[in-house]
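Quick heads-up: structures coming right below.
Next, two complexes with chain A in common: one pairs it with chain B, the other with chain C.
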Partner chain A sequence: MRERRRETTPLGDLKLAETAQLSDDFIRQLSAVGEVDVLVGIPTFNNKDTIERVVRAVQIGLTKYFHRERCVLINPDGGSTDGTPEIFKNASVSDFEIMLTSNPLRTFHRVSAPYHGIPGKETALRTLFVAADLLRAKACAILSPASLSVTPEWIESLVRPAYRESFDFVAPLYQRQKFDGLLLKGLLAPVVRAAYGVRIREPIASDLGLSGKLARHFLEQNIWDQDVTTFGLEIWMTTTAIVHGFKISESFLGPRIQPAPQFGQDLPGTIRQVVGALFKCLEMQESYWLPRTGSESLPTFGFQYDVALEPLKLSTKTILDNFRSNIGQLVPVLESILTPATLVEIRKMIDLPDKQFRCPDELWVKTIYEFAAAYHHSAINRDHLLQALTPLYRARVSSFILQNTKAPAAKLDQRVEDLGQEFERQKPYLIDRWSAKAGGER
Partner chain B sequence: MQSSPLWYKDAVIYELHVRAFYDSDGDGAGEFKGLTNKLDYLKDLGVSAVWLLPFYPSPWRDDGYDISDYTGIHPAYGTLDDFKAFLEEAHRRDIRVITELVLNHTSDQHPWFQQARSSRDNPKRDWYVWSETPDRYKDARIIFTDTEQSNWAWDMSSKSYYWHRFFSHQPDLNYDNPAVREEMWNVMKFWLDMGVDGLRLDAVPYLVERDKTSCENLPETHAVLKFLRHRLDENFSDKMFLAEANQWPQDVRAYFGNDDECHMAFHFPLMPRMFMAIKLEDRKPLVDVLQRTPAIPAACQWGTFLRNHDELTLEMVTMDERDYMYDEFAKDARAKLNIGIRRRLAPLMENDRRRIELLNGLLMSLPGTPIIYYGDEIGMGDNIYLGDRNGVRTPMQWNGGWNAGFSDADPERLYAALISNPLYGYQVVNVESQRRSEHSLLSWMKQLIRVRKSTRVFSRGTMDMLQPLNHRVLAFVREFEGAKILVVSNLSSQAQAAELDLRRWKGTVPIEMFGGNPFPRIGDLPYLLTLGPYQFYWFRLRQL
Partner chain C sequence: MKDVVLRSLNQTFEKLDDMLLQFLPHLLVMLIIVVVGWFVAIILKFVTRRIFAFVSVSKLSKDAGISQILSKADLPPAGDLFSSLVFWVTWFGFLLIGVDALGVPELQLEVEKFFLFLPQIFVALLVLFGGLLAANFFSRAALLAAVNANLPSARAISGFVRFIIILLTVAMALEQIALARSTVLITFAIAFGAIMLALAIAFGSGGRDAAHRMLDRMFPPSEPKKEEERAKQEEISPL
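Coming up: the complex of A and B.
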């Protein structure tokens, strides 16, 4: 049983408020809002095409499901030059009023403020957490400004477990197209599952719910100047919530559609940020996960339904070509990361014909664990290490697609579950590699 | 008493029940002689008019709203001479008298109804609304949902149904009959000739019925009121009609007509929203309802109140608001009655003096003529274990002695038990003890009324709502004939700061009206005020 942490003291609140960097105008707006029950944050940076839809969905959601509560919608903006803050302020739901069966009893507050510091999610989220602390929010929801599929019901799904059911961290659960979120399904979620013992399916969510207590806890962590927050705040929030014993749940939100980049577009950058953050978290939190065995599923709110989603068109030929053309150059680097046995298996894949190309679960898990351990031991420059993972990830993606092109959703879910179990099965191997002295046997 | 046609606009009205106020003859219930004895108290409190609940002969199945003789006095309250003496003494103290007139219905014991039901051929038959079936006027809602299943009741004697919008023992008069209209004017004239200053017209929206309508607010009903008002204006110059129409402001507006129906009408939707605003700590409900309140003719006035002899009615709120009010103010289910909450002001405010003061501050500063319910000026409690609305009609608590100084009778003989619990009991909450303290609620109320009456800005002025960023602060400026008053109220339980845009009044100096202290002159910058929990300020804005 994880230990629950104690409530923050008022003195703690004061300390946080004193150390935060907020503009006078933002403080003025917050002081007008006062204490709130529900805080919804939408961090933005040049999101003019989608922000209005998200704001309207939030307003309707709050009106429908939290019409009695003191609510505020906050938009920390990283200095948009496309008019996003103005659209945020002016987005109206007056044309929906006749359809609403509820009217908010209270004033609905909308606060938009540019934040200090480098534009980026970490500064925006820190601003939101400071606001949640100052306003003593009981529950928060953070939404992506780019979502095309957000509905008013997302607000209820993300806020209610935190506001009414005493959960602290509400991860989203989306209906995804079967080849959408492969990094998540094939690496991030199963590693979190095996290491931390929690079967959370979206560990790097940009839409999530939080208790005010957890928002305050995040703010109190001495982490905000470190790389992990700069590049991987989402995974850090998830694992921190797990490690500190906060109550976690999932809420089904339905399909998630947003203007996504093409597969492979800045894949090295994504892997460096997201996987690097995961490895960094493993390093910071090793005392928690090293002794842990097994895994638990999470309580899930919401009725899970299926809708037909437009399939993602991915060309395995392009991905495989990319893998083959890069892997050769990287062998010297991989020799510093992987064991010889693993490297041999990988090299065997290069010559496989496209249709028979396979990266088996067992090999993939071993590869990831060896990368994690090498990262931990700083076997080579960490950026170079993460860059070397990119072609291997391409190989795994190709293999997964080729194997599952005709597989129905249920079958695919089973394959993802099998992979999770494989990560759990091989956890002792991770622990061995992780605990071995740097430069030990490869 | 000086003649003043618009006296009702500047009045502070005190609503009381003769039975509940003071028993001078030791029979356990108040009467006019007792009330007359206590007029000095009302004079000292500073009220300028009293509104009396029904005192007519009645079987008392609805606390007197079931009248069986419109021109008499119930023997329990005394005689017509007692009433005349009371009226004279009230006027001698510059206190006007408003009486209750139930236009819509009589008691089933009224001789008119007795004659009407005696035979289908009786000349009084058509004074009431009859039907062979209970199917007419099906679109009319039932008002007393807790007790009535239909608006029709079966009359055994004449073997037909009669129409009643309230209790089944209160048959509705038939205002389509000119004889009824003429007779009701005669009733009015009887009291007005005697010296009564105003008539509170009970349940006016329901006077006339028509098929396929809600039988409320019908043009024919307004025609009846215009007829009565026309007669009034022909005969008198400073009398007043006060309409009881529990409707939305835009519907109530019609009861003013073009200053040719009622002079005053209650603002029902405002009342629950004052409570809601304080509980929500948000000005939104008040601002919304004031925005929805239409302009009324210059000679007309809204009647505003916090509590009265009925339940805190929740008919004029949305379903969400009603649920919220029940959850917050009727945690004990016994407090619910019909579509409302049968509680007095102090228990609704959990006896929090600051909230009681703030609500009274709102009442006295918002547009309209304020009406105080007897006992609320000392923070009296209620008894939700009594049936119907009797829990808010218990004897006035004059002192901590025998029967709270209300009566010399044996306690068992009192018409209703005294409030005697440790929080609101007469030993703790009474006039005598509060008179002796300058800091009591009673002393504070006297001061509030005095300040309210020191200017006609509150009673006649326009209102400009301000929009400070802080939604827990309600701020507005009232203005009349060049005089200006700034009202700022903190609806929250915590200290608040508010920046007010007062540039329109730049150069004026706010003078706090209770203490007389000047505040910094208003300039171009936002005017910063800090307010303690539930605190409010009234500032006279003066060019100095």
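Coming up: the complex of A and C.
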């Protein structure tokens, strides 16, 4: 089989392709493409409701902004049963002919094929990186198939910095609803900022741009069989790009609207995946971040504008009631993770009336750092540790919402910035806890 | 008469001499075995401790919550506890070999019985240790799952899981050492059956109201507003 593949494809080194176990059909389609300048990948799995819109936006984006480049749109599919690949292949823009006349595309290919292996984002992205390597793509963009707000301009915003400005990693920057993405704003981004020294606001983006060089670099890492790729490939890609000194930028994409979360995507599961992946990355890359101090902002592309998004009416009463009744029951578990002083502060929150309920930044940062260190020292089973974070996150979210219900967007941004600074200020505490001997003084 | 007494005494002392001459070497052998056993036990304790440190048993026991229980009971860490156990079992074994070397037939029989019994005690201890680990691990998993699902009786659920696993483990350990086998079996069956029957009755007719209230607390039925509220809260994407 190996020999046959080598003979039948005009593409060069197929070693990587074989590693990722690309299907014969996939390789055949890639062989017909040849080398490309821009590769856009949309990994899918049962996305029939949204895929057509995304494909059309990409088509228009490539036609409008990259009509002189050789482009390919690739759809690695995880075995959809709802006809997603067919919709992908047949999606077209009604006035595409007119657009082609004014902006003739040099070449534009569309490849869709199921990939081998366990369906999941890591297998799909690995397939895309292999394709980028085989087709010698200069720049890549990866888009979420579920986005309801994607526009043709997203392609320009994500590809241009990598293709024309020699950036390697282009993180998105969305306009979000007031309280959207609080785990991202309140934990993931500030920890990345404090630890790695980079103020990246969307460290786990599902829409991003990459240089071909970085795609190849990801592919060469000996990581693909580890847990971190299964649960947190996005955070690993971000931190790897930082650690290996690749040029990083942000591009403003506009509002981000996603479909309602699907069944099974519960909060404890999400925390387990993304926070677990972040802690795992901290562990794998400790030699980089431990000696680092301060942080730098990133160059940002794109014209930033505001769109009025419908505000959500939220109630925190149930969450607070649950926090009060649950936290006492969790004390035996939290005692293994947190220092007595932090635990005392958390328990004090139980007695606060709803309107005065606050989880101060200082306490939140200390809590997260103690969780990270406990994860590092395996103070208890790591899965259990991450699950124990959920009630505390809920309390923090409630506190943040109560504190900022009437705050305008600018003030909210300032609060997020203050939190980021607090994470930076307390970084020595993280290093202390992290470097302390397991089971050391508490 | 005097001669008879003296001869008799002489014979008795000669016999005693003979007995002492026969017994003293055995006693000496016993003492040597006990002293050598003590040294062997010390070495084994040291080796066990090193092996435990190498395979990170303390981490595993901390992971499963065993360390917490041991420290609450003022017991040393799992590795130290097990290596001490190895020391005492080894030394006790040598002590029995020494007793056996005395050559007293009745004692030899008992020692033989004990040695036949020893592997079962070891297996029973291992079963208990493993059971304790499993009980703590699964009870903590149940506690966290219940808390994150906002069930009101999280600690009760966790305690129940722990109780059932420990009950099963103790029954298995006693079964292993064949201690009152039928009594243990019957006790376990009765205890387990009683729990199930009590639950059945409670959820059936006997304690219908209480069961109703309990179910209401555990699975709030007619409060769509509360559920809606929580669902709404969680529908803000965390990412």
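Throughout what follows, the second predicted complex is superposed on the first by the 409 of 442 C-alpha atoms of A that agree within 3 Å, B and C clash if a C-alpha of one lies under 4 Å from a C-alpha of the other, contacts with A are read in each partner's own complex, and residues count from 1 in each chain.
What we mean here is this: contacts are C-beta pairs under 8 Å (C-beta built on N, C-alpha and C of every residue); 3 or more make two chains touch, one makes a residue touch a chain.
Model, not experiment: these values are computed from the prediction.
Shared-chain residue A:Leu267: touches chain C; no touch with chain B. Of the two partner chains placed by the overlay, neither chain B nor chain C lies in contact with A:Met284. A simple residue count on chain A separates chain B from chain C, and the partner touching more is C. In the superposition on chain A, A:Leu183 makes contact with chain C only, not with chain B. Contacts of A:His67 after superposition: chain B is touched, whereas chain C is not reached. In the overlay built on the shared chain, the residue A:Ser315 is in contact with chain C alone; chain B does not reach it. With both structures placed on the common chain, the touch criterion links A:Ala388 to chain C but leaves chain B unconnected. By the touch criterion defined above, A:His109 reaches chain B but does not reach chain C. Touch criterion met: A:Ile204 reaches chain C, while chain B stays clear of it.
When the shared chain is aligned, chain B comes close enough to touch A:Arg28, but chain C does not. Shared contact residues on chain A (touching chain B in one structure, chain C in the other): none found. Residues 177, 179-184, 188, 204, 258, 260-261, 266-268, 270-271, 274, 312, 314-319, 322, 325-326, 329-330, 332-333, 335-336, 378-381, 384, 387-388, 390-391, 393, 397, 438-439 of chain A touch chain C in their complex.
Residues of chain C touching chain A in their complex: 58-59, 62-65, 68, 137, 140-141, 143-145, 147-148, 150, 152, 154-155, 158, 226, 229-230, 232-239.
Contact residues on chain B toward chain A in their complex (touch as defined above): 276, 280-285, 318, 320-321, 324, 468-472, 492, 494, 496-497.
Those residues of chain A that touch chain B in the complex are listed here as 28-29, 31-35, 67-68, 70, 102-107, 109.
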